[in-house]
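The structures considered in this document are given below.
The two complexes that follow have chain A in common; it is paired with chain B in the first and with chain C in the second.
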Partner chain A sequence: MSELHIVVCGSIVPDPLQTLAPMEGPTGWALKNEMMLPAVLDPWAGHALYEAAALAKKHPGSRVWLVSLAPKAKLQQVMMAVSQKAPFELVVADGPASGFTDSFETARVLAGAIKGIAGLDTGKLLLFGGWQSASRGSGAVMQMVGEMLGVTEQFQGVDKLTLRDDGSMEVKERVEGGAYQISVVSGAPAVFGWATGELPEPPNNPQIGMQNMQKNMPALMQAKPADLSGSGLKLSAVAVPQQRRETRVVKDVPVDDMAREIVEWLKA
Partner chain B sequence: MSNSTDTPEVPRAEMETDIVCVGFGPAAGGFLTTLTRGLMNEDGTPAVESAAMPGMPPQVICYERADDIGFGVSGVVTRGRAIRASFPDLDLSQIPMAQEVTDEKVVYLGDPVGASRRPTAFRLADKALSRWMEDDAFVLPYVPPFLKKHPGMIFSIGQFNQWVGSNLMGTGLAQIWPGSPVAAPLMEGGAVRGVRMADQGVGKDGTLTPGSMPGMDMKAALTVVADGPVGPVGRHLDRELGLPEGKHQHEWAIGMKCVVDLPEGCDWQPGTVLHTIGYPEPEIFGFLYVYPGNVASLGIFVPSWFDNPVRTAYRYMQHWMLHPYLWKRLQGGTLRSWGAKSLQESGRRGEPFLCGDGFARIGEGSGSTNVLTGSGVDEAWATGVMLGEAVLELMKAGKPFTGENLEATYVARRRASWVEAEAKVAEKSRDGFVSSVVRGFIGMGLTGLTGGLLNMPGVPRKPQDRIPTIEDYYEGYIAQGEVREIRAECARQGKPLHDALMDRVGWPQIPLDGTLLVSHQDALLMGGKVQAAPGYADHVRFADPYTCEACRERVCIEACSGQAISVNPEGGAPLFDREKCVHCGACIWNCSKSRPRDKERTNVRFLAGSGGLHSVEN
Partner chain C sequence: MSTVLFLAHTECDATLHKSALEALTAAKGLAEGLGHTLTVGIIGADVAAAADSVAGCGAKIYGVSGPGFADARYASDLAAAEAVARACEAQIIVAPATSRFSRALPGLAVRLEGRVDTHLSGLDVVGGQPVARRWFYRQRMEGTLTRSERPWVLTLDSGCAVPFSGAGKAEVEALSVDVSSVRTAVSGLECPSADQQTIRPDARVLLVAGAGWTKKQADGAVHVDVAEETILNFLTATKSSLGSSKSLVDISGEGHAVISFLTHMHQVGQTGSSPRHAKGLSTCCHGEEPHVVGWRFIGERRAINTDAGCGWAQGKCDVLYVADAFAVMKKVNELLG
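Coming up: the complex of A and B.
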């Protein structure tokens, strides 16, 4: 495979161990003292970024963008630490990162920012992000960003991505029960929601940091406020599920009987 | 070029910049704020040109050891003269946790538990003042002018640094890199040619492995040393260059503090400042500042002249908080943040060589703290401003950063400044503490009230030379045989001695409540949020393990602010746990033994390290 165009979606979250207190303010829910809380790059997004950087290093000519929806002043501070870890180009949408923003709205802003990246070849696009988030636990944003960009090959809970010579990619995903599923996708574009990956956090490299910030500081300065007003959203309906499952604990039921019962339940 | 013996000679990446600054505290804030304002013309062209990157404005890099700017520093009350001069339109509401001083008190605290070791003068004072005491405390009718901070401001240095750092980064004229510990200056004879970053991916002892990343050498025409009193670059220079004739750094203190959500109904108003004396021990001072939003920063100073070999700041701080005068307002509060920091208390007398070829020193590590007024932040800021002005003057004149040129610009400004004039007054103010706490207080009063004309005499001694044995300290309180038994039992349990000894002499157990009164280890997690990135070497080491083996005081273990230094069950040097260290540097001076081949220094080696506090509220 030739050069890659990897876009990593990732924002900031409060530094681990901080005490978080949700509070309702004039603009909706937020974290108490959010701008005072020390922040770090979301660990899930961090794994995605380090995997992206490692892949790009193996494929000369590749480019990595980090697309971040976060308050730019706070993001700037976090970037001084993150940018020492791996080379990337920063794309910023200035907005809250408290975890109280609607997932669809967040996805819409991120997708819009990605569409605006000059030089991005969507035919080569590998869209990376966290499978989960330390502040947004729904795990839905990456899927929606992919859909908004028309990328239908999607993998979640990825721990390993191996690029083959023919351009296809082998993906190792976490699935239920602590098992892994290995899939092969014929090539880009594709979405990868990373779990922890397999790489350690890179050391701080001041040279990489300086190279990054020379081009990323203007992106921070010029970041435009993101529209997260929710004006495009409307509540359609709320309903409880039609079907409810009753859980029983039974022993020594033959597998065939269990399968039969499940099929009957599904048919019902 | 000679390098630190703590970093092996291997091929290293190199970069070149114009100015490299080590440490981002108030001094560096003052320096960078002043410098960056003068680097560009009003028309947007560079006022001076970079030598490292011709055509560009000078490249200015600042390396901060902690994982973010504003981590691991302290709450402060200051008159803020220099800070206000830099920001004439300063709006404190723009800085979280900042507030004008509205009320200031000095409070003499009596001894409600009967365990405080009070000299006769304090006992007489307790008796004489008892009729006016409320909650075992006497509020002095006036604040001595030399202590007064009103009009002034209180703020969290963590928040202040973040605000300053954010403004600086916004200019695009200075880069502040957190998580970047600097190991040592790059020296060429007596000149400094830049700095070497700490190695990463190394073993605990600093050994490089195939996966290691040797620290980069950042070369610069000017190295600004602002890494505080325990920073490795400043201390390396002190070791290599020595101190000027007549100077020493023998006096220290640990400031341990916490930020507390005050209980509902607490009657302390925002802007309240308390200075306390007398309790838990007469040598220990307390402070409390009330921020907006019913939040207070409070804590104690434990000085090196408090000759207790088991001087645990943490437990003393809890006893101080439990004093009835304070506790009736603190009870029901919640710990938000906690931390500790060493303070260089020699002031102007500890002033190192302020400059030389290729380097200049600013801030607390340059001896700028006023030891009479107990003020250091504003003075540190002022020294940074003075260096910023001097550097701009030299660059605009096209002059190199030689020792001579820096002497004529930076040092000349310092000598003519209010910082210097006031530091001269303060220089001998604490000499009385050499012999006793009572003479110390009288000495401070004499110096303060006479403008330095009269001082209590005394010749400060090295901390390691004044720490008594545990048996001597507790003579008359605990029999030597019993001390032996307590020591043996604590050794068997792998525990430090301070709790057992304090319990024995009558200090009550701390009634832990899980919210404000928490165990020391809980304070690390709940308050300090202490963390350490992997891949760095242990930054606390012991120069001579045989000296540690023979040591019976082990003050380093007793006084360690984070319980990072602990008893080694196998004997020899104590154990060090990097993930608990708050980088306060107290171990440097809380050691009762000189280094075998360097009697000026203790047996503890404190090197460049990463991690520590992850709180920005302190």
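Coming up: the complex of A and C.
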């Protein structure tokens, strides 16, 4: 199979170790101190990026773009770390990475950004992203980006993609109950929403990091503000449920007694 | 009069899944509350039996069937859904958030120039308007939402409504949809056998195994073989579903001494799943927030940890047993016989 044009859609999310609280502001719902929270690359989009980089390495002449709708200052911080992981060309739309923005509007902005990529051959396009985000968690954006670009062979919950010599691809998608569906698509273009994939996070490579940042700083600096104003979505309330339980701590009790209590509870 | 379309696909045995019947209850309630007409659309190899199983809802039923619709494929499922939605001029489309529809239906919003909201946790009518609820930031906060755009495509997570029941003899209007240009072929499913399969969504109890099972124990050694046996014995005795922390599945991926039957699909939490079970028992897992957000839909929660200061002690479970899980679970298995 010849060279690939892989476009990875991925944004940033608050570090999962942070406590998150919703807040209603003048422009709608947001997270409290959103711009102060440390951010990371959305984990499933990260898996997509590492899978893309590994595929590109196996197919010389391939190109990988990372297309991100995110507040550019915050994105730049995250890119300092992500850039060390794998080579890519960054395409930025400057706008909210919030979970509360409309999935359709997000897809529209991403599709527009992808259409603007110079040198992208849509006949060779493998459109990657996470099968869900850690922010909105809709699992809907990639399908819509694909539709908007006319790419109608699509896969979600992908853990493995195998390219064959004839250009066809075998795909392993997560389905219910811990099972996989195996499919074969005749070739590009296609959409792949990645789950965990099979690759560990690549180690940091400062040299790749330098090259990436040199190449990608202009994209960050020149990013245009994205217009997501077209949505009729109204969130009337967002609340963190009261989740604190009254934990009874059982200690200094014989193991047999604990086991008996657990078995009674399981059987009740 | 406006239409609420309930969309379903058949399972491989030609029935409808429980989550589809739940979504039908939600769709029917919505249609009644809004004064809209309920219409049903079913997609699958053969839809007759599935249509009969819901005929009691009284709605007109469209079917898109044939070998091209036996398998879950984005392009064929979307083409079928689009044909039904257009045939009944649906304003609101309600469907279960199965893997099959979660793959295909977001695209319907683009085809119909509508919008989509997925993984709903609730759907009601308030003041004559449809109002949906869903979780944001990986089940950390729940939002209540409405929108003005139509058609509006909605998928509902399982466990959020009572399954519809009302069989009868259905008359199905068949729609013909050409999917000859679809470039994907499904070659099969890879499923562990029922005994080997430790992910059991319908189980009453979830057992979570954390990284502690593979760590050095009080005697200074690791006992992964004992851990495996203990966990498997419990699963065999109780038919529980097995979940894991990220740390444990990550170790499994890195070639250390590992629990052999764990995969990334067992991972519960922020970047894993949020399963629904009546009870959950956590063992050798620290109970950190990125893990515990995956317990959002677990009813009663208990944990066993040697560390009295672990995350579970911070109001994240009902009972924390401060003890060696190797010892406690061995005894639990003995008692379970």
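Here is the rule we use: the second predicted complex is superposed on the first by the 230 of 268 C-alpha atoms of A that agree within 3 Å, B and C clash if a C-alpha of one lies under 4 Å from a C-alpha of the other, contacts with A are read in each partner's own complex, and residues count from 1 in each chain.
FYI, a residue touches a chain if its C-beta (ideal position, glycine included) is under 8 Å from a C-beta of that chain, and two chains touch if they have at least 3 such contacts.
Not measured: the values here are computed from a predicted model.
Asks: Going by the contact rule set out at the top, does A:116 touch chain B (first), chain C (second), both, or neither?
Replies: A:116 sits against neither chain B nor chain C.
Asks: With the two complexes superposed on chain A, say which partner A:35 touches: chain B (first), chain C (second), both, or neither.
Replies: first
Asks: Does chain B (first) or chain C (second) touch A:187, or do both, or does neither?
Replies: Once the two structures are laid over each other on A, A:187 reaches chain C alone.
Asks: Quick check for you: in the superposed arrangement, does A:262 touch first (chain B), second (chain C), both or neither?
Replies: In the superposition, A:262 contacts chain C only.
Asks: Touching A:167, do we find chain B (first), chain C (second), both, or neither?
Replies: The answer is neither, since A:167 touches no partner chain.
Asks: Check the residue A:150 against both partner chains and state whether it touches chain B (first), chain C (second), both, or neither.
Replies: Once the two structures are laid over each other on A, A:150 reaches no partner at all.
Asks: On chain A, which partner's contacts cover more residues, chain B's or chain C's?
Replies: Chain A has more residues touched by C than by the other partner.
Asks: Look at A:104 in the shared chain and tell me whether it touches chain B only, chain C only, both, or neither; answer first, second, both or neither.
Replies: Second partner only, chain C.
Asks: Scan A:209 for contacts with chain B and chain C and give back first, second, both or neither.
Replies: Only chain B; A:209 stays clear of chain C.
Asks: Which partner does A:84 contact after superposing on A: first (chain B), second (chain C), both, neither?
Replies: It touches chain B, and chain C stays clear.
Asks: Would you tell me the residues on chain A in contact with chain B in one complex that are also in contact with chain C in the other?
Replies: 16-17, 19, 200.
Asks: Which of the residues in chain B end up touching chain A in this complex?
Replies: 13, 15, 61, 63, 67-71, 96-97, 159, 162, 165-166, 169-170, 172, 175-180, 197, 200-201, 213, 216, 218, 336, 525-526, 529, 531, 533-535, 614-617
Asks: Which residues, counting only chain A, touch chain C once they are in their complex?
Replies: 13-14, 16-17, 19-22, 29, 31, 43-44, 99-100, 102-104, 107, 134-141, 143-144, 146-148, 152-157, 159, 170, 172-187, 191, 195-196, 198, 200, 231-241, 243-253, 255-256, 258-260, 262-263, 265-266
Asks: Chain A touches which residues of chain C in the complex?
Replies: So the residues of chain C touching chain A come out as 71-75, 78, 98-100, 102-104, 106-107, 109-111, 115-119, 131, 135-138, 140-149, 182-192, 197-201, 205, 238, 253-254, 263-267, 270-271, 279, 281, 288-290, 293, 300-302, 304, 308, 312-324, 327-329, 331-332, 334-336.
Asks: Going by the contact rule at the top, pick out the chain A residues touching chain B in the complex.
Replies: Spelled out, the residues of chain A in touch with chain B are 15-19, 33, 35-38, 73, 76-77, 80-81, 84, 200-201, 203-207, 209-210, 213, 217, 221.
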